[in-house]
Amino acid sequence: MTVFDIFTHQLVNGIVLGSFYALVALGYTMVFGVVKLLNFAHGDLYMVGGFAGFLILSVLAPFLGTGWLGVAISMLFAMLAVGFLGVVIQRVAYAPMLAAPRLSILITALAVSLVLQNAVLAMTKGQYQPFGANFGFGGVNLGNLFISYNQMVLVGTAGVLMLGLELFVSRTQYGRAMRAISVDKDMCRLMGINVNAVIAVTFFLGSALAAAAGTMAGAYYGSLWYFMGFLIGLKAFTAAVIGGIGSIPGAMLGGLILGLLESFGTQLPGVGSGWKDVFSFSVLILVLVFKPTGLLGKPEQERM
Amino acid sequence: MSLLELKGVSLSFAGSKVLQEVDFDVPAGAVVSLIGPNGAGKTSLFNCITGFYKPQRGSIKVDGVETMRMKPHQVTRLGIARTFQNVRLFREMSVLENVMSGMHCRTSAGVIEAILRLPAQRREEAAIHDYSVECLRFVGIEDGWHRDAGTLPYGWQRRVEIARALATQPKLLLLDEPAAGLTAGEKQDLIGLIGRIRDERGVAVLLIEHDTGLVMRISERISVLDHGVMIAEGTVKEIQTNPRVIEAYLGVEEGEAELAG
Amino acid sequence: MAALPQGATASAWGGLARLLDTPRKRGFAIAVVLTAMVVAPFMLGPYATVILTNALLYVVLALGLNIVVGYAGLLDLGFAAFFAVGAYTVGITTLHFGLNFWLALPLAIFFAIIAGVIIGTPTLRLRSDYLAIVTLGFGEIVRISARNLRETGGASGLIGIDSPWILGWHIETPLDFYFVFCVLAILAVLASARLVNSRLGRAWLYVRHDEDAAEAMGIDRVKVKLAAYIVGAIYGAIAGAFFAANLGAISPESFSFQQSVLILMAVILGGMGKIPGVVLGAFIVILAPELLRDVGDLRLLIFAVGLLLIMLFRPSGIWPAGGRK
């Protein structure tokens, strides 16, 4: 294996990984834009999405099989279900806390995350749950590089979802309202925009995207675990911060960058897979300390 | 050399100019008022003086020391204290604890002293307590010090805020609309209080105020800010008859009437 | 003793201050608590003694985190990192360098302070959401490092840590350690009470209530927050040091995010900021799983739901708030 081979191999890995991070990071960034809150439970919605996809697939498998079609349809239903879950969480847990001191809503978000995690822990007894998808092992050979069809479908699907979101945000009324709210919520209320409805839609979309990533991850990596939301949550947050929190293209860019950083980072001498997470966390801390607005973010408002 | 000296201070936010080339000074022990139409930039000027905003250009000196690069708490330690337009007390803490916060920057006990309760620390705590009580009495609050500050009537909350600022032992006290929301009687008390702050404590006072009657009665000097520009400075008489000032206050007739108080 | 303002005292002890309002009542309560502490192991047996020792450990940890979260208002989700620093410092120096425990202890405190400064200095000026995640990240970095490095024993950790001697008495049985932790818990409570009633303690509260107003009053909010963080780190390190000596063996899994969350739950369930509440919370977090044995995996879920309900309906915890109107 030449250096070039390793490079291209990690490039592909990075893009695949980055797609997951980007999908989850989008939810973080969109929600932060409209309610200025880092939804601590967001990573767990990814996890719940994976399990939802698994459950739905078990129901649909007799009719649609466990190949790409079955998984795709399951994913769509999982997105719907978890999207609604996200809205319910926002209405029940976050909306009442918006007037409370900052610390309270952060702890509430933590509490929601713990409830989700421990509920699934109780149901699965902490065991890994095989996803049961049946994809082929076929792929394309470009010289020494092998790209599986699975990888292509995955990245393609992620791309389609992100494109859909981008169109929604730039072309529809809701999308425009989302951007307006992230700039000045009170002004939007005064102008008659139904802020609550837009917030609900935002949570729905963010959660749905996370669920899509969760289902795809379950299918691609083959298994689900109650704790898998924790790590992806932190990584996705890192991605959102790298790209600039509050910026949708930033989340996509940040996800890709983090995926690539992680893939190439593991090739650095001394940084094995055991240190992969430390590497990512260090990136997070460095970015927050030196460039908290990220690559595409807007600078913080002046202090009052 | 004045106590406070601003030269060429310019501040803009996102393209809009809030303060333009402002020159301004306050002599030690004087009572100076800063007036001007709404949105003129008065509170922004306060925020620049206290270090919360960083002007893009200019110089701000307190007793000859350049404060432009300083953090707000350092400016306070130099001797500038303030109250806020919308009273910002620590609402869920007691009145006395609120005033004691002013003494933090004049005392020094740390972790070890606190845990071991060394004699020096106990003496310092007593001194903090006593001086805070003195400041409360000075503004006319004789009891009820253990009530949560947020439960006090509005006028009393304003007094507590002044006591709190006085506890920092300032050389200059910045009052941001201290008369807003006060009754006529309370405004009289305020005038007396400001006078006593200058006479008994030797503290200079700079106030932003919309009640021009009050301004005319207590100010030794008035400065007028309009759209970020200092358009006039002088004694009460000079300001009342200054045509630019009258014009800034909504046209000639109403302006005259307004400035006559 | 100088006449200290009633306000600060009340805010430390909460509703308890109103209940025990005369020196006689206070003296009586203290006597009862001390007697109970001394008698408990003999009345309840060895198994209960171990559980109580854990609860007392948690009292120290929770009081430490209480200073960071409850007083200074900083949401630290990686507090277990300081616990780890204390435990591993003692473990490594006594095992590999043969250092006496009582020399390892100040070293553990020293390293915790360094850790606090390293983590705190760049991050304490961040907004609270970011701070929560960054502290979580640091906690994970410490745990993963402990799991990966050879010096810390890798994933299996360190074993065979010696138990200490003091003035001819070898502290080695569970009963010995129970009394040691009793003393630690009492010291932690006293230190916390004195801190809240002091200039620094008030500064924490001012900064938590309104950072900008505090800054305008001449309080350096970054320095004050860092002080809270470091004091919390010291509590954690001391707890970790004795924890390592007690168990004789430590592994990275004791210092995970779950541990940090459990300590946070102890602080919140009892009532953030109020000392008796935090003590109560520590006991709840340790004792409840014992009493809810049968429920098994569900107990964490019950805690989580409980936490959520408390945040939605009674954010000041389950201890009655001791305010004065």
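For clarity, chains are labelled A, B and C in written order, and residue numbers in each chain start from 1.
Operating definition for what follows: a contact is a pair of C-beta atoms (placed from the backbone, for glycine too) under 8 Å apart; a residue touches a chain by one contact, two chains touch by 3 or more.
The model shown is predicted, which means the values in this text are computed figures rather than measured ones.
Centroid distances from chain A, each centroid being the mean of CA atoms, peak for B. Of all chains displayed, C has the C-alpha centre closest to the centre of the whole protein C-alpha set. Averaged C-alpha coordinates put the centre of chain B at 41 Å from the centre of chain C. If each chain is reduced to the centroid of its CA atoms, chain A and chain B end up 49 Å from each other.
Between chain A and chain C the centroid-to-centroid distance comes to 34 Å (mean Cα coordinates, whole Å).
In chain B, the positions touching at least two other chains are 52. Residues of chain C in contact with at least two other chains: 212.
Among the residues of chain A, those in touch with two or more other chains are 303-304. Here chain C touches chain A in the complex through residues 69, 73, 75, 77, 122-123, 126, 128-130, 132-134, 136-138, 140-141, 144-145, 147-148, 212, 257, 261, 264, 268, 297-298, 300-301, 303-305, 307-308, 311-312, 315, going by the rule given at the top.
Of all residues in chain A, those touching chain C in their complex are 37-38, 40, 93, 96-97, 100-104, 106-108, 110-112, 114-115, 117-119, 121-122, 125-126, 230, 234, 237, 241, 274-275, 277-278, 281-282, 284-285, 288-289, 292, 303-304. Across the complex, chain B meets chain C through its residues 50, 52, 71-74, 76-77, 81-82, 84, 88-94, 96-97, 100-107, 109-111, 113-115, 117, 121-126, 128-129, 145-148, 151, 164-165, 168. Chain C makes touch with chain B in their complex at residues 1-8, 11, 191, 194-195, 197-203, 205-206, 209-210, 212-221, 227, 231, 323-325.
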